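Structures incoming, each one as structure tokens.
What follows is subunit A paired twice: with subunit B in the first complex and subunit C in the second.
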Partner chain A sequence: MRPILECQSLTKKYGSDYALFGVDLALGRGQIVGLLGPNGSGKTTLIKLINGLLTPTEGRILVDGQAPGVETKKIVSYLPDRDYLSRHMRVKDVLAYYMDFYKDFSAENSSRMLDALEIDRKARLSSLSKGTKEKLQLVLVMSRNADLYVLDEPIGGVDPAARDYILQTILTNYNENATILISTHLIADIENVLDRVVFLSAGQVTLNASVDEIRTDYGKSVDTLFREVFKC
Partner chain B sequence: MLGKLIKYDLKYGAKIFILVHAILLAACIFGRFFFLDHLDFGRTDSIVVSSLAIFVSVMLFLYIVVCFCTWLIIAARFYRSLFTGEGYLSWTFPVSGVLHLWAKILSGCIWFFLDCFICAAGIILLVTGSNVRDAYFAIAPEVTEYFGMPPGTFASVFFIYMLVSCICSVISTYFCIAAGQLFPSHRILGALIAYFVYSFISQLLAFAVLAAMRLFPAGAYTDMASGIDAARYTLSIMGVTLIIMVAVSVFQYIVTHIIMKKKVNLL
Partner chain C sequence: MPWDLDNDRPIYLQLMERIQHDIISGVYKPGDKIPSVRDLALDAAVNPNTMQKALSELERSGLVYSQRTSGRFITEDETMLKKMKTELAQQHIRDFFEQMHQLGFSDDETLEMMQKTLKGEKQ
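Let's turn to the complex of A and B:
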């Protein structure tokens, strides 16, 4: 089976600076992958490239064997690391918005999650707290029946209790043939749910291994290894 | 998908659009029934002239504000939905960049066309009182002779010119915003600079073409002995500027398309 995500000598330059340089990476299906690296390592650039928000300077990026475009956007569910919904919309309008544009959006799943979180569908987004807004955004993304979920800092702005809920939501709401790529700094919080980790440093992949391999080969947790590798 | 994109574009700002145009129409109704209908154009004293001048100025200001608000809705929607945080959602819809651009052009044109029709309806409402019509009919032959065509014909030509320039204006607005986002830290300033640069270049182009065609300065039409000449001159100027405007818009469309395809970088 072809990989869900493939990068071949992927390079992205901003002016004269390299954000990514010669990245070769292939991710299989049915796993949760942690995309880890310090600030400025190129995580967000890679995520933007996967979603077609940027075009590569050199090399290729393929999602399910295709360059990012209309077809790949149908199978990628993306959670950006910022607010991306209009503050003036109501929760029910946002649901309708998603349903209109994504055929794989499940109203049933979203309703179940919204009910569990007690989010009022008539509430305007401007009236929601930061944490609730982040949860809503995650609900929207995880309500899609996608092949690849790309979550950029999904737990960055919420309290530890909410983190547990979010991780639980991620684990219980994805198709087992789908792949989840999670970029985060909070490694200790997500380590237990990860199958594989990719370390990015200065725009290059420095490690691509399963969590079990790391524990066996290095005798350390991912969090400890990360702290050692990226020690300032 | 195109229909859905347009639907959401039109939903955005619909309330503001309806509100400002309702105010305009209310002002037109108020002006017609409480001011214009009570004017006696047979009187030649300065009170009639000065009160009419003030009324026209106020209405003109209101029209400018309403048109500006419409333009602002179009520009804000384009910028916010594609180049701010909301762009992270818009650009990840299973829709191509060119479809996004066409949706924005069509929705922008719909807003502007609606604006034009409502503004025209407001004007018709203002000038269809019996006293205004009688005053107009009294001077209609002179006006027709002076302009070389009946004012109604001129208004119709001007209205069509306005509709075409609406399309060009929408594309120009998008071009400036798209060009502005090439400067990530100063996007709005970049858009303003793009606007001034493009305006300057298109003015120069218009000047050169009109001069080459001896339409500027008045050239072959300096005498303008008859109204027919004046009409021909006016229509020539409008025709040439319209062609230049369309040519510039085609260029701007191509550049905007390229920027949206290859140079978008959301912050």
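Let's turn to the complex of A and C:
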């Protein structure tokens, strides 16, 4: 089966600086992948390239065999690393918005998650706390029945209890053919739910291995390995 | 409640151990159906593929068998269950002696201390 995401010698330059340099990467379906790397290593650049918000300087990026565009946006559910919803909207308006936009949006799933997280549908976004807004955005993204979920720092701003719920949400809502790519610094929190990890360092892939391969080969957790590899 | 897992060892191995432990301690009885991969993964808060691997390994060892449509079951082979129990006990004993060696006690000294402890004597 063809990979859901494929990068071939993918390079992105900002001015004369390389954000990504010659990245070759293929992700198969049905896995949860951690995209890990220190600040400025190119994680968000890669994620923006997947979503067509940036175009490659050189090389190619393919989502389900196609260059990012209208067709790939139908199958990619993207959680950006900042909030992108209008502050003046109410939760229920945002839900209606997503229903209109995405054929694969499940109102049933979103309702269940909103109830569990006790998010008031009548509340205006401007009245929600930072953490609640993040939860809402994650609910929107995970309520879609997508082939590829791209989550940029999904758990950074929420408390540990909500973090557990969010990880559970991710585990419950993804189907066996979907792939989830998660970028995060909170490795220890998500390590157990990952199939594999990709380490990015200064715009290059330095490691692409399964969590259990790392534990077998190095005798340490991904979190510990990361701290050693990227020691300041 | 997520399962309590160590950081430095492969996750699937720890999942296997946990399920073996659940079988020995009677959470699952011989012939019991075990929950689906997805439910077990959710309960443990681990990746479903990792849980799948743990169950496949248990299946390979014969401790668990699958019936094509109805799911996975614990073996009813009492000899095998007894063997697993013995092996686990031996492992614990080896670990214990290893720790005592690190504390500087020989096997004989350790045995002597164990007997005294059993008799309730103070060292």
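One rule holds for everything that comes next: the second predicted complex is superposed on the first by the 232 of 232 C-alpha atoms of A that agree within 3 Å, B and C clash if a C-alpha of one lies under 4 Å from a C-alpha of the other, contacts with A are read in each partner's own complex, and residues count from 1 in each chain.
Going forward, contacts are C-beta pairs under 8 Å (C-beta built on N, C-alpha and C of every residue); 3 or more make two chains touch, one makes a residue touch a chain.
Fair warning: this is a prediction, and the values are worked out from it, not measured in the lab.
Chemist: Are subunit B and subunit C a fit on subunit A, or do they clash, once the structures share the same frame?
Modeler: Overlaying the two structures gives subunit B and subunit C room side by side.
Chemist: In the overlaid three-chain picture, which partner chain does A:Glu58 touch, first (subunit B) or second (subunit C), both, or neither?
Modeler: In the superposed model, A:Glu58 contacts neither subunit B nor subunit C.
Chemist: Where does A:Asp159 make contact in the superposed view: on subunit B (first), on subunit C (second), on both, or on neither?
Modeler: neither
Chemist: What is the angle, as a multiple of 10 degrees, that the CA centres of subunit B and subunit C span when seen from the CA centre of subunit A?
Modeler: Computed from the C-alpha centres, it is 160 degrees.
Chemist: Of the partners subunit B and subunit C, which touch A:Asp100 in the superposed model: first, second, both, neither?
Modeler: first
Chemist: Just how close are subunit B and subunit C at their nearest CA atoms in the overlay, in Å?
Modeler: 28
Chemist: Taking the stated contact definition, name every residue in subunit A that is touched by subunit B in one complex and by subunit C in the other, in rising order.
Modeler: Touching subunit B and subunit C on subunit A: no residues.
Chemist: Please name which positions on subunit A make contact with subunit B in the complex.
Modeler: 48, 51-55, 69-71, 73-74, 76, 78, 80, 82-86, 97, 100-102
Chemist: Going by the contact rule set out above, which residues of subunit A touch subunit C in the complex?
Modeler: 30-32, 164, 167-168, 171-172, 176, 188, 191-195, 211-212, 215-216, 219-221, 223-224
Chemist: Using the touch definition from the top, list the residues of subunit C that touch subunit A in their complex.
Modeler: It comes out as residues 2, 5, 7-12, 41-42, 44-50, 53.
Chemist: Report the residues of subunit B in contact with subunit A in the complex, numbered from low to high.
Modeler: So the residues of subunit B in touch with subunit A come to 1, 4, 8, 12, 80, 85-89, 91-96, 262, 264-266.
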